[in-house]
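What follows is a set of structures to go through.
In the two complexes below, chain A is the common chain; its partner is chain B in one and chain C in the other.
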Partner chain A sequence: MSNLDYAPPAIRQTRRALIYMALIALSGIILAPFLMIVVLALSSPAEVFAWPPVLIPDNIQWQNFSDVFRVTNFGRAMFNTFVIATVSTIGIVLIDGLAGYAFAKMRFPGRTTMFLLILATLMVPVHVTIIPLFIMFRNFPLAGGNDIFGNGGFGILNSYPSMVLPFLATAYGTYLMTSFMRMLPDNLVEAARMDGAHEFAIFWKIYLPLAAPALTVIAMFNFTAVWNEFLVPLVMTSTADMKVIQTALADFSDQETVLWNLLMAAVLISILPLVLMFIVGQKHLVRGVAVGGTKG
Partner chain B sequence: MTLAVEARDLWKTYAGGMHAVKGINFRIEPGELVVLVGGSGCGKTTTLRMVAGLERISDGQVLVGDRVVNDVHPSKRGVSLVFQNFALYPHKSAFKNIAFPLESAGVSRDEIRRRVNEVAEMLELGAHLDKTPDGLSGGQQQRVSLGRAIVRDPDVLLLDEPLSNLDARLRVVMRSELKRIQRRVGSTAIYVTHDQVEAMTMGDRIVVMDAGQIAQMGTPAQVYLTPATLYVAQTIGSPAMNLFTGRASVAADKLSLSGQGWAINISGDGARALIARLPGADMSITAGIRPEDLDLGGVGAALGMGPCVTAEPLGSETLYNIDVSGVTCRVLRRETSVSMPEGQTAPVHLRSGARLHLFGADGLRIGGTVLRDSIGHVGWAPDESFV
Partner chain C sequence: MAKSKRAWFQGDWVTPAEARWGLILVLPVMALFLALKIAPLMYGGYLSLTQYSLLQPPRFIGLANYERLFNDARALQAFRVTLYYTVGTVVPATILSLAVAVMLDTRLRGMGVFRTVFYMPQVASWVAIGVAWLYVMNPAFGPFNYLLSLFGIERQGFLASGSQALPTLIGIGVWRQMGYSVVIFLAGLQGIPQSLREAAVMDGASWWRSFTQVTLPILMPTTMFVIVTAVIFNLQVFDQVVVLTGGGPGRATTTAVLFSYNQAFQSFAMGYAAAVAVVLFVAIMILSLLLLGLSGQLSRKNR
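The block that comes next holds the complex of A and B.
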């Protein structure tokens, strides 16, 4: 509420009450599916289909959570997801950070054109590039039984690199880092250059620490995006041991049945690390979003 | 070690053909503090940045000692720079800021600690070494910035308007402080400022720059007493020099300088000497007189007359603005107790010992000074006779 609200107290309080009611209603709409996940994750199979719906299960089924790991290889899927999300996040922080520094602080021919080209890729949906990516990874030379021309084997399909490479750098991250780096003063580069620091040291010791708020945003958004990625792992991998969370969730259903309570328990387990990450990084995230002008 | 700095026919041309610096030459002796002064866009900062290596040299040479440094990396030139806005690393403590050049040079930790502490002691920063820049006052940030520049014993210390971000009181304190530190460190120093008071008080010599060229280079006294161009006359000195446009007319052995509302007649040997230097018998001139060389009332014929527009008490003296036929004439008087009411008409006289500078239509000094002696006689003496 604005501090410059000079309306009479009665009108002001009514207005405030209406706003809070609207906010509570909106929160309800957003929270309802999440609450449903929690209820179903703690329900028995019979309660899942009960009518009227059960809001508080009679016997809370804690074992649903352990069953998730017993029925499927969900632990392995979580590990895989953790590996690709972590590696790609580290890659993005480094590569987008370096790219942002180069576009914002270095002068080289074709800088603007290159930046615009990278921005243009934001318009291309990932679904369009998935088949070319698949072919490129299948024909990756000297990997997965391929010869030097990329023939004869399956390349880097069914491996971590096939799931990490597509997310190792993003146009969006480059754009965000460039915008943020542009806001940092130019003369720090000059000061560091005078002080004898080489270009990478200027990036690493001066600008990277100063870009921490923007990097936090990129890191958290990217980690979440890769953690929840379904299409790329689905296309690039086919073996059970390379499954990630999103593809493993499909194991809780077959043609006839869906184990809703276990599926919901698995969903809860899978979002737990993200929730923890957001709680820990909330302060930095808000700062980063504010300075980066990003929508969350 | 301290080395000389030399610029030889130095040019800076930007894309589009704009010349920021036009073939300047200077030599700064080892240990000397030289101030580059001039208005915005005169090329002083560009020159400094070319010496620092932050700006590519379009043509000509910069030498540090005997070495041409045109293609030498900024950190290998033996120069260090204090930036206008300090350019401190915001996430590093004062200690780390000062230590950064040494870290980059691969100096050992013990040596870094020893040298940073030594510099911190010299700059009285000892109690603030753990603070980051946002926890330091403007003056302390200034000192940290200076510390970072001197910690690696540069041959040449470059200072780019280092006091302009400080408040007026601190600026005065830091002026003498900077000079003291420069003397103690012994580095050759180039100091860029637009503030002529800084230039006069700090420089062993002053280089006045105008439109990418050196208008004049000399000691503060030389520049103040014998400004080489109208631009120098206007730039150096506060309050600024009074300028009266008019004509110089020769009749027999007498020279008459006059314009709208003012006139001075010169006779005798001085007149003859001056006439010999004038290119014509009747020519356009601009006469420049410093406000402290004028007085309200006096003996002999008045220079001009007019009403007092405003009186500005400056503490130890008062500045009167007198309207002499449409030209505002500044008169600086020591007597603060006697004030002249605004609107009162007063005659403007040259003081005893006053100097009047003459500039031709091209803005260049006509090599000498018109002098008024104690009995009101106005003569002329060439510059060579007293500088």
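The block that comes next holds the complex of A and C.
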């Protein structure tokens, strides 16, 4: 739209003003719920139900943030979330790094078939695999009180693996890694082989570090996705000590009442790490989102 | 080394060492995909042909679950709700996102800030922004009703009203979907060579003409990508429904995935739940292929 620049200055300025006004109005709508989260997180219980709504709390209730951890076991939920997000992210970076390198730089029988097989699972949504996975995890042999045939107990349900495993096979990550590795020069492999370097060392010492930008994108995507995931923990866990942030937020309400101010304080605490990560890594993330859209 | 000892790969002989290491390096990823995607997919297909309550072993009943599904008014309603939600969300979100992306593409000052703002809803989880909207739209004390009262409009039920719940969900869906679509449209717009648009203006074309004749056709693949991914995502609508309405009032907002979830984990009808999931999966595949076919035809016409 830089062609607007050819218009006479007066028209140009009017257009500019209109664009700003439209964007500011829309941003207001986008930001309004976030504003409510911040306001309520700092409000007293009475101010939550005030009419007209309170926009600036009389006394800022900082203790809401500590009450979050006192009233429910939110600390445990945050710890659990951090564990599954971190472990799955490390797992994905290693697995997709290996796979991307092998698919892009190595020649072996069945390479194309295997790559296409993985790509095809891009089409398989979580909701189709979640019920079978639940049953498979429940019937996991010799775990959680199960016998060797997987009967009698609860298998690996209510455990970290049940919340990490469903994320490890992501076709998107493998695809992104393979595309990125393809763009790296081939001659590094040959040179390293000439020097007698071990095949695994070529991957680990040369190509994995070179792929850091793509790995950062995949890591950030996955960390955010697992941090925000609701369905998988909801299905795979049922005990209080295995709750994650997204399932623990329900603890701030029962049939009768909702502790709105504490709920929003908890929401704010849970969003903050992601917002910080997003601001720091925004360039990488936006590029990652855009890769799919412009390559298609 | 004799040729017979080498592995054949795409018209080339590869040393056994390379072939072996290649296989070793893809082994972890292949094992994971087989165990966590392909096996569950096939197992889910099998489950959909059985009756299974977790207490007794699955009992094969053929296509009975599918027969039941197509005669089950609640299931059909869930699919209808899912379709309304998807169309109602994707169409306005795509148009609005394109408009916003075009404005952000002007390279005026502060566009980076706006881009961050529009992406914000994508960073937070559905549960987090769901509870925020739950408060904003609350019929008794929600700020949105207060805003309406300033214009003399009486209190609305929104998520608690049988007729307003789905439209409210759709509005919130559009609000969140935009973050993703804007970023992709913006990337697509910034990929269009400046010279092409300048040429149109030099020829005396108005802004609108150069937008519809030059920009939009080039942007077609991006637009289709935005639409197809949004359709796939939104057909699986679940988190926001659980948080905002729980599928109610009544069954007014029970979507296909929520219906399947309830069948599995409240009624313990695993086989029937799997059948619902399979039907949705097939619907997603058919819709995506139709959309991709359509985009292929459109881009051919433009050439």
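As a working rule, the second predicted complex is superposed on the first by the 271 of 296 C-alpha atoms of A that agree within 3 Å, B and C clash if a C-alpha of one lies under 4 Å from a C-alpha of the other, contacts with A are read in each partner's own complex, and residues count from 1 in each chain.
The rule we apply is simple: a residue touches a chain if its C-beta (ideal position, glycine included) is under 8 Å from a C-beta of that chain, and two chains touch if they have at least 3 such contacts.
Just so we're clear, the structure is a prediction, and the values are computed from it rather than from any experiment.
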item	value
Chain B versus chain C as contact partner of A:L274, first or second or both or neither	second
Chain B versus chain C as contact partner of A:A191, first or second or both or neither	first
First, second, both or neither for A:W51, with chain B first and chain C second	second
Residue contacts on chain A - larger count, chain B or chain C	C
First (chain B), second (chain C), both or neither touched by A:L133	second
Which superposed partner A:L98 touches (first chain B, second chain C, both, neither)	second
First (chain B), second (chain C), both or neither touched by A:P9	neither
Partner chain in contact with A:A201 - chain B first, chain C second, else both or neither	first
Touched partner set for A:Q246, first chain B, second chain C, both or neither	second
Residues of chain A at both interfaces, chain B in one complex, chain C in the other	none
Of all residues in chain C, those that touch chain A in their complex	7-10, 12, 14, 17-23, 25-26, 28-30, 32-33, 35-41, 43-44, 47, 52, 54, 100, 102-108, 114-121, 123-129, 131-133, 135-136, 140-141, 143, 146, 175, 178-180, 183-188, 191, 194, 197-198, 200-201, 207, 210-211, 221-222, 224-226, 229, 232, 236, 238-239, 242, 257, 260-261, 264-265, 270, 273-274, 277-278, 280-281, 284-285, 288
Residue ranges of chain B in contact with chain A within the complex	52-54, 73-76, 79-81, 83, 85, 87-91, 100-101, 104-105, 148
Parts of chain A lying in touch with chain B, wherever the complex brings them together	185, 187-188, 190-197, 201, 205-206, 209-210
In the complex, chain A residues that touch chain C	1-4, 6, 16, 19-20, 22-23, 26-27, 29-34, 36-37, 40, 48-53, 95-96, 98-99, 101-103, 106-112, 114, 117-118, 121, 123-136, 138, 165-166, 168-169, 171, 174, 199-200, 203, 224, 227-231, 234-235, 245-246, 249, 260, 263-264, 267, 270-271, 274-275, 278-279, 282, 286, 289-290, 292-294, 296
